[in-house]
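Since the structure comes first, as structure tokens, the remarks are kept for the end.
Lettered A, B, C and D in written order, each chain numbered from 1.
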């Protein structure tokens, strides 16, 4: 797939993010590319996926025979249980999230700023969908990874100095994984640092496509 | 003293008044009280404030109340599946208050639990925090963090869908169809539950009742269509 | 029992309080005399008893064979279930209480004041037991009835102008049932009014034993 | 990755440090983690802050930690069954913070749910309200009522007793032995559960799990004595 194009495909981005999973982690995956992370959980790593509509231990999509309208994930897709699964109400689900019990959240972004702000829920005057659980996730989960295309359709950087769209959360993103590479930072006030370049991508290209002030070496 | 009603419209009798606030359970179309929503639509009650995580889809679920313009205001976390909603909102015909999903769930729980307000980190530094009281609390590291005050939510009428229920109002829910319904049951002045099955009192294990009967005033058995928004399957 | 003595026995006080029960009520009974109310629920009245340690639909005491250490009431007595019973955690239990879902609380008192304050949890320097759920009950339940002996061992009134002991709650008692009679009031700022005299008790006796300023006619 | 430990003292290894805050489940002697309390006593850890609705009885349950003077401070709603407690408290050897039972339950839930503070009517106008922030909120009649601010509670270690549990930490509780334990499980940095029975993963119905495994870090099967404080029986 798309190996002729430099940089990571969506699936490869998901696979790279999946390398951040650790044994025993409880993880919430956002809608879109983050959902693909579930397909790349490394062998020997036991991860429990939370779905914020009220489930721990999310299983794979069902076969036709298994489809159950009462069993969906937060993307409203039909899913299945695993032996370890449990169901609970929305207040309990967000007690897990807000209370810091989820180890890792991997979510999409429209913009991420150099100080770790994220915008991914609203385009004023254009899109009226709502934030769903995203604001709770970025405020409550111990570590948040934003997974997004480095630039928009017009080639403009989405990893920028300051978000222009309404924020989902402030100073909450700890790692950025794009089609071009990986950046991370310590919590708090630390700057992002380039950690890894995607195959076929050179430093000059990433620098030119990154508005955020990051540590390049 | 049985809480059982025979039809959804019987169960909603006297509750569908203009201007009331209604909580409606469900996440997407999963676990929505289809028959009670339809009864609410048939009542013609208007100027409703509806508290629900989502707004249904065009023509189904709460989408039915939007089509007939019975809704004045929605309090929701995500309404992306509904074009009529977007049209009415952008046209200024509908008020909309977005709440982060966890804040919405907790506000409803608080309303039902006699808690008028609580503090949360969710939304600090965003549009959601504008105009809300900010307050600092120390965290376990001894650092200070800023939180915002959110208030409890109550409703005149709560409508929910459960799996099984009995004449005392005890309810159990199935899988992820549970979602907001248990909290909403606690926050309605009158809570009406439609269930897949009414079972004899004593047949639900007291250790595993999700919603104790004290929170449910009326119950009706009704058949749900249970539409699926994203039927996603793998090879068998 | 004690019929030679004028006024109500403890059991008769409980029976009188039981007349306040209405069909469909959810009721919390305090420890001591209020517990006896359960023995006097009028025929044809379906009442559900809540125990604040986490149960609705409290059944009678068990037979020897039925005793279960995991099934007790808030007075730590072994009890049984009924077909309608449900169990829940303490947070849910007090969501019921604080959230105004319990129709009636009947509880003991050391002192009740003429404005509906109650003291029943502490004697400074003497008794260190704690308030348990009493403060939550008087603050949250729709209607509270205080059930207590009209006077203390020294013959002093316990229905007084202002409580001298640390309060359990302010302006929260709606009805007073003592061995001498019954007093009630509307919520809010209303004064108590004498409603009923116990058998063998005359107005003069109650007046002389009541420090509270109540309406006597 | 199994969370299962073989003995109560194994399960408590590394957690019994001087000065830690411990939450301990149970109401009276019902649902207390007998074996984990005993392991805590055997560890000799001192200057403990213990959050528990009650303080056990003389020589049993938390009474064991009082006898050995390992407890510096108790946060409880009722301690009436314990003479040694009363003696130490009146003698100034023990700090005591009384919380109304519902406030205690809600503070623990709040701590586990990332809520640093909430408002309640409970205790307004009493000793409990002294020094606490007061705030007015409108009620449904449009009148204003006064509430006090209570804060969330967390613990370094939570010890609870459940009925059944699995290697993932999923728990169910029996009857009124549930009480404070589900909330305490959420509020401990490390939560240790002793259970009557460890069952295979997959044998607990996912619809009826009281405490999802995410809240439990260690689990051990252990036999409880289950003393009864008030054995009250009727004629058979």
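Operating definition for what follows: contacts are C-beta pairs under 8 Å (C-beta built on N, C-alpha and C of every residue); 3 or more make two chains touch, one makes a residue touch a chain.
Fair warning: this is a prediction, and the values are worked out from it, not measured in the lab.
Asker: Work out the mean Cα position per chain and let me know which chain is farthest from chain B.
Answerer: C
Asker: Where the CA atoms of chain A average out and where those of chain D average out, how many Å apart are those spots?
Answerer: Centres of chain A and chain D (C-alpha means) sit 35 Å apart.
Asker: Any idea how many Å lie between the Cα centroids of chain A and chain C?
Answerer: 55
Asker: Taking each chain's centre as the mean of its CA atoms, how far is chain B from chain D in angstrom?
Answerer: So the centroids are 31 Å from each other.
Asker: Two-or-more-chain contact residues of chain B, please, as numbers and ranges.
Answerer: If we look for residues of chain B contacting two or more partner chains, we find 106, 109, 113-115, 120-121, 173-175, 206-207.
Asker: Multi-chain contacts only, two chains or more: what residues does chain C have there?
Answerer: 81, 87-88, 91, 94, 97-98, 140
Asker: What is the complete set of touching chain pairs?
Answerer: Chain pairs that touch: A-B, A-D, B-C, B-D, C-D.
Asker: Chain B touches which residues of chain A in the complex?
Answerer: Answer in residue numbers: 51-55, 60-65, 67-79, 81, 87-91, 93-94, 97-98, 117, 122, 128-136, 139-140, 166-171.
Asker: Show me the residue ranges of chain B that touch chain C in the complex, using the header's touch definition.
Answerer: These residues of chain B touch chain C: 1, 109, 111-115, 166, 168, 170, 186, 201-202, 204, 206-207, 209, 212-215.
Asker: Mind listing the chain D positions that touch chain B in their complex?
Answerer: Residues 106, 110, 113-121, 135, 137, 140, 145, 147, 151, 154, 172-175, 205-208.
Asker: Any idea which chain C residues touch chain B in the complex?
Answerer: Checking each residue of chain C against chain B gives 23-24, 26, 46, 48, 50, 56-57, 81, 83-88, 91-92, 94-102, 140.
Asker: Which of the residues in chain B come into contact with chain A in the complex?
Answerer: 27-31, 53, 76-81, 85-86, 89-90, 96, 98, 100-106, 108-109, 120-128, 163, 173-183, 210, 226-236
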